[in-house]
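As written, the chains take the letters A, B, C, D and E, and residue 1 is the first residue of each chain.
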Amino acid sequence: SGGDSESGGEGGDSESGGEKVLIFGRGGDSVSLDPITVTDGESFKVTKNIFDTLINFGEQDTEIEAGLASDWQASEDGLTYTFQLQEGVTFHDGTDFNAEAVVANFERWAAGDADQFPYYKSMFGGFGDEEEHVIESVEATGDYEVVIKLKRPQAPFLKNLAMSPFGIASPTAFEEAGESFGDNPVGTGPFKFVEWQRNDTVTIEKFDDYWVDGEPKLDQVVFRAIPDNSARLNALLSGEIDLADGITPSDSETIENDENLQLFERPSMNVGYLGLTTTREPFDDPKVRQAMNHAIDRQAIVDSFFEGRAEVAKNPMPPVISGYNDSIEGYEYDPEKAKELLAEAGLEDGFTMELWAMPVPRPYMPDGQKVAEAIQSDLSEVGITAEIVSYEWATYLEKAAAGEADAFLLGWTGDNGDADNFLYVLLDQDNIGSNNYTYYENQELHDLLIEAQTEVDEDARNELYMQAQEIIHEDAPWVPLAHSTPLLAGGTNVIDFKAHPTGSDKLSSVDLE
Amino acid sequence: MAETAAADKQEMQKVAGPWKEAWRGFRKSKVAVVGMGIVIFFILLAIFGPLFTPQGINEQNLSQRLLPPSGDHWMGTDDFGRDILSRVVYGARISLWVGFLAVIGSVVVGSILGILAGYYGRWVDTIISRLFDIMLAFPSILLAIAVVSVLGPSLRNALIAIAIINVPNFGRLIRSKVLSIKEDEYIMSAKAIGMKDNRILVSHILPNSMAPVIVQGTLAIATAIIEAAALGFLGLGAQAPSPEWGKMLADSRSYLTNAPWTMIFPGVAIMLTVLGFNLMGDGLRDALDPRMKS
Amino acid sequence: MDERKTILDVKGLRTSFFTDDGEVPAVDNVDFHIRQGEVLGIVGESGCGKSVTSLSIMGLVPSPPGKIVSGEILFQDKDLTKLSDKEMRQIRGDDIAMIFQEPMTSLNPLFTIGNQLREALKIHKKDWSKSQIQERAVEMMKLVGLPRAEALLNDYPHQLSGGMRQRVMIAMALLCDPKVLIADEPTTALDVTIQAQILKLIKNLNERLDTAVLLITHDLGVVAETCERVVVMYAGKVVEEGPVHTIFNDPQHPYTRGLLESVPDMRFKKERLYSIPGNVPKPGSIKVGCKYAARCEFAFDRCRVEDPALYQTAEDHKTRCFLFDPKEAESHDRTVVES
Amino acid sequence: MLHYIGQRLLQLIPVLLGMTFIVFMIIRAIPGDPAQVILGQQASEEAIKALRTSLGLDNPWYIQYFDYLKGLVTGDMGDSLRTRSPVSEEIWPYLAATFELSLFAIIIAVVIGINAGIISAWFQNSWFDYTAMVLALIGVSMPIFWLGLMNQWIFSIELGILPTTGRENVRDPINNITNFYVLDTIIQGDFNQLATVLKHLVLPGTALATIPMAIIARMTRSSMLEVMRSDYVRTARAKGVKMFWVVYKHALKNAIIPVLTIIGLQMGLLLGGAILTETIFGWPGIGRYIYEAIGFRDYPVIQSGILVVAFIFVMINLFVDLLYGLVDPRIKYD
Amino acid sequence: MTEPLLKVEGLKKYFPVTGGMFGRVKGQVKAVDDISFYVNEGETLGIVGESGCGKSTTGRMLMRLLDPTEGKVTFDGQELTSLSASEMRKARRDIQMVFQDPYASLNPRHSIEKILMEPLNVHNIGDPKERKRKVHEFLEIVGLSSYHAKRYPHQFSGGQRQRIGIARALMTNPKLIIADEPVSALDVSIQAQVLNLMQDLQRDLKLTYIFIAHDLGVVRHISDRVGVMYLGNMAELADTESLYEKPLHPYTQALLSAVPVPDPDFVREEVVIKGDVPSPANPPSGCRFHTRCPFKMDICSQEIPRFAEVEPGHSVACHLYEECRPQ
């Protein structure tokens, strides 16, 4: 096909003045460009490039690395963190980055509420003087030194700081802009904000005074919203965009066969699963839940609907996360075994259930509907009649959270690469009604997870999580399905693009040929 | 005179009612007959087709995914390795079902409202007509989407939504027809005989306002099928694994490049069915609407 | 014998409609002629082919399904049926003009009267200036007796009454001084008092401008009052032709006689109307014999198998009935008819 | 005339009021919590609660409704729950995008549809007539999303002659002044850009134009056939008017009246009904804006969006009614 | 003198002209404005007048198919204008109507049998068998055959349809038949058939007719007395002979002189009137005919002339005859 990026509909006049402009096609528009106010990945995709965080994640993992903080020390008890800041950094508006600026950012965040700054609440427990607020104080102890004191130890504290919402913004700018800061973001990142046309494009351009030498390489990046997957692929094929997010696995072949295109795999940090609501019959019986695990042929699903670009899951979290228990043997596909278990549970004649399938593609499950169809067919082999039900995404989440589904497809993408962000959030009894959609409750598990939250010793902490995974395996509230590898595609002229597991990619080292 | 009477008597043997007359007119139009042929073909397909299809509609065979058309699978297979021919054949049942039911629903509701408005006039008319105005001012696809969002996506709810958005069309049509028939002389003569109003409504006005409703209904079935497909395409109609044509199109969109047959056949099926109804509707219009006669 | 020159001569005209039921001859072998400055009437009941005859002359038979199958229409020795579309257009509205039955619908509702009047002049008088055209339009409006002629030109048809509209139609037809004016039931849609005005106008204009008028009507009264000669049509055929006095005082064809007797007369009360039995046949439904045979009191065997010709019975008088076939005269006593 | 317009506008009030109420009730009957959707799957419960309160979603529905109405009276259409910016500001670019597309589509539809209809009627039962009418029938029988995809595939992927998505060349964006890009490029005299903008309009425009074009062609044809049989057309021919002028002057003006209604209706339908086309062609239009707002339960956007579309729809119809007056002197507005 | 079968006093019908947004009444069409007349049993009253003068409106009001704005209709001693809707429906057994348009007055979807049976069903006359017999009987009476019963209206010619319309009116054995232009749509030869039929029926069934028409010849032929209407008023009403031989009202004179006579030798005196009938929505003041009247006097535009007898049995509404009236 004639899809090299120079030809196509736009013709050769597109490259004006030899500037390097990267067009990044993605599935949706950003909500706001003030990272602390939002929770959606499409916003972070942009803000990641406008703002820097104190701590960075690794290039393609969630190991922590120096960011705006060039160095840091934690106290023994895990309650005090001292950060040395990078010197010679300026914000896009020309003001200096220093300890005062960091303190100002923290103060701004802590003065908010859950409505304004939802992620702050999720990650640091609360605001201001609230009991649950983990951070006790943030002080500038020098021009380039900041000390943060915690009320109680928080194991993933540094990882939290590396998350995109906590990008450091220019205090001058956000004080001046107030509410509208989201429309005029100012950070220290590799790119400056230029223009935002809602539901269409966000344009950012090279920040010449970026503190990392030689970066960024691009002159301009345009994020372009193309909600329809096929349309986005078509745009890539015709050269209207250079990079496309959210490539459907089924299209990977097309891209690989096109000599002008390359495929990028985003390292997996997610899990897609079939949740079994443990309060609803017959899934209140662990035997039935195990039977479900045996009845479903995950490998076939992964092969067909993830096009093999996923790893069959056996645990609720992906292997890249430390604390992953690889010694657990996943339930093998064994319809006979499943029937036996069902018989033991008194359901030799099978039963009828609703199987909820999500209506929208998610990174952890590119096509819920099709996975559901495959599961439906597997279940019918063991005598279970599943009716596929779907709601609109908003309704789906609400109803699932209310425990109205028998079994539902869902998934999770890690925020900070910590085990807590999977196991506690998704399966702890504290989160029933919220992200624990299965209403799964286990006191023993709860105790382990709570302990792990404050355990600062890495090995001891991992041990706790290993145990937790065993309990979950036995109780089988889920049928873990896959850890998918989300796909991106770009022209072969795109160099050094590294997809990040969190879903927001820093484009400072990317170049165009 | 005697001769004419005899000829007269002979002619009278073929007693042709107005419907028969219309049928005769209908038969004369080639396109209309072709249209009806297509429609009948799809109806037969819907009824008997599934008995003869090579494979069950939901029989998955992941090792046979996305096979191009061949002797075994005339229309190839889809991403579950299901036989597309079987699914397209079964899909006729769904689409026709949706088309007919949705239109019957809107005709019934629209007729009742339209007759009330047209015959009783005054404030009844004002209220009903305003309601129609409101509904017509809505972008209909958005209204359908909103209705499905409220009820939850399913074939049945898509059907309800389509029926709802079509109500004002029929309502208005019948209202105006009733208004014009009300002024016809045979209504006057029925009144002169001493007939009661509601009886006039049932035995004179209703049957005479049916012709345009039948025409419009046939055409509306066509639109309803497309609307159902559009909702299916948006994921708001039939749910997996149902072989609804719109849904099939949506499901196979990502294979357009490497397995185009997954998109071509359901698309062609929709087009043909809709074309059939449109042709038939046109023919009916010419046969039933004397204004169109040359 | 009339010395005036024949201006339009229709010979053996046959115009058919080709429908699903086959060929329907709406006008079947019709002959007649009009002389310069003469008013010729064509009478007949609904559907007998009067309008189709006039449309055939104008070359306006809706086609398809209609078609002039055979015959000649000689206008100033040119056969109109053989003319090209363009040549025909130049004759229409210029040499031969026409007014129609429905003054309410025959004017285009979306254009002003003036616009529609001037249009004809623009087509046929290409060398005229704007003001000349305007002047002529006003002149014609005045001629047909319309008040406020200038102002009326800027009005739309719906602002005029039926009688006024018919006057406008007449003005429009006469703009280019046509040699022949065809008036197809020009007063049927009008009230009697208005009808009287219009007929009077047509008659006046005919006398003043020496335009030949072909007046089509189904009203025998109108014919008696306006025409010099009459053609009676029945089921697509001319059944009788003659001067108006002859036709009314000495009708020959049984149909003509029946027709005259079945009209109630306003001047006196007939005890009982004569009524022709049966119905007017649908064109094409009678294939053999005389078309009137089924309703005719005097029909005999020959009438049912053979189509009578138009027999010349006197100078200027022709009848399509075997009773007037010189050959039949021997076996059939003429007195039968006259009794 | 002004009086008539005033009356029509007055009549509009109950319709629009009824409409806001119905929309309000329908969208609130949709299950799903905007706060949850806005914050996403990963958000905590408290965050959701706080957001609900701050968005005023805790108030009883009638208070919310009256607040909304109160806002409307002062020209305030509310703030988007998702982006927190006023709908009245946000909506304009979307509206302009859709308007430009619809206008383009309707112009194609009208120019081709009317002429095809006229020629079909003129040469009734000719091969042109048959072909045009069969094509028109196929046009109305085709799901446009399917047509759009096929066109996209053929013209931009396989042939590479037209762009697939969007309104402009993102690499070389145009200077936006009015949000009507065609207008913008003309104002700036930049004809290269104008060509680019037009190129972007072609595929979505034609996909969108197909159905109205077919409908207009059919309508024009039957309307023309009826008019061509009328007495005044016969009068015109009897005057010796050329067939071309008979058709294009006398017949067309009369035949166009019912077609005008259809054009108005279709234009209105395109405004709100282009969701599928906008999605497939990545067109940042109002249909998609509202559709996505439904997904996000962004109540103010849905309400105001539908209201605006309906308002325009009704205004277009009013405009068409006024046009009648221009075409048809028999219609008087008083 | 016996009571007339039908008596009409001061009958008026004003149609509101509505417009604007809330259907405001903008004016009135005075379709029928204060007319009075009577019809004796067994006679035929003809009503003539130009289009739009209110003939049909009058006919319909007599049957209460339209409710009169004002006035009284007494039929057979019963005051129709005060009857309730259901009483009126019963009364309609005795008054029936024949309509002008033979194509529009028969329901195209009903067979002839059904159409003719309907009045019997409505008024519950006889049992089904009897009804069927009666249908066939009346079909024969109006000159059709009983084998026509199963056919549909579109299979008949205009004249035949009009016969069916007459048969329908006869089904309930009415006393009075209001015929609203029953022959206007028919060809001359067919018109004669229908007129003869109506006369025969009147003789055989002792019917009373109100015969509405605009053809003066037809009216003369069939009527015993004739009323001439102009713009919602009754201009003149008299015995047929006296009206046609000695018309009094200038309008009647003009009307009679305008009718073309099928006799090329006939020469008549011309009373020419100019212009068109004014609109009933905006009728002239005083005598409504004054705008076209060749004998117009000053008083004509100011005062409405009384409609009263000037000679026995000959009433006229014209100021010319004001003096010669018996007081």
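The definition used in the following text is that contacts are C-beta pairs under 8 Å (C-beta built on N, C-alpha and C of every residue); 3 or more make two chains touch, one makes a residue touch a chain.
Which protein is which chain? UniProt says B, D = Peptide/nickel transport system permease protein; C = Peptide/nickel transport system ATP-binding protein; E = Oligopeptide transport system ATP-binding protein.
Everything numeric here is computed off the predicted structure, so don't read it as measured data.
Between chain A and chain C, the least number of touching-chain steps is 2.
Common neighbours of chain B and chain C under the contact rule above are D, E.
Top contact pair of chains, counted by C-beta pairs, is A-D.
Distance from the chain A centre to the chain E centre is 88 Å, each centre being the mean of its Cα atoms.
We define each chain's centre as the mean of its Cα atoms; on that basis chain D and chain E are separated by 55 Å. Chain A and chain D have Cα centroids lying 38 Å from one another.
Between the Cα centres of chain C and chain E there is a gap of 33 Å.
Touching two or more other chains at once are residues 30-31, 149, 153, 157, 229, 294 of chain D.
For chain B, the set of residues touching two or more other chains reads 149, 253, 256-257, 294. In chain A, the residues that touch at least two other chains are 230, 391-392, 395. Residues 1-3, 7-10, 13-16, 21, 23, 31-32, 39-40, 113-115, 118, 121-122, 179, 182-183, 197-201, 203, 222, 224-228, 230-232, 234-235, 237-238, 240-241, 391-395, 397-399, 401, 412, 415, 433-435 of chain A are the ones that touch chain D when the two sit in their complex.
Against chain E, in their complex, chain B makes its touches with residues 5, 8-9, 11-12, 15-19, 21, 184-186, 188-196, 199, 204, 207-208. For chain C in complex with chain E, the residues that touch the partner chain are 45-46, 161-164, 191-197, 199, 218-226, 244-245, 248-249, 258-260, 262-267, 269-270, 272-277, 279-280. Taken in their complex, chain D has these residues touching chain A: 30-34, 36-47, 49-51, 53-54, 82-85, 90, 93-94, 149, 152-153, 156-167, 169-173, 176, 192, 196, 199, 279-282, 284, 288-289, 292, 294-297. Within the complex, the chain A residues that touch chain B are 229-230, 248, 250-251, 253-254, 300, 303-305, 357, 359, 369-370, 372-374, 376-377, 388-392, 395.
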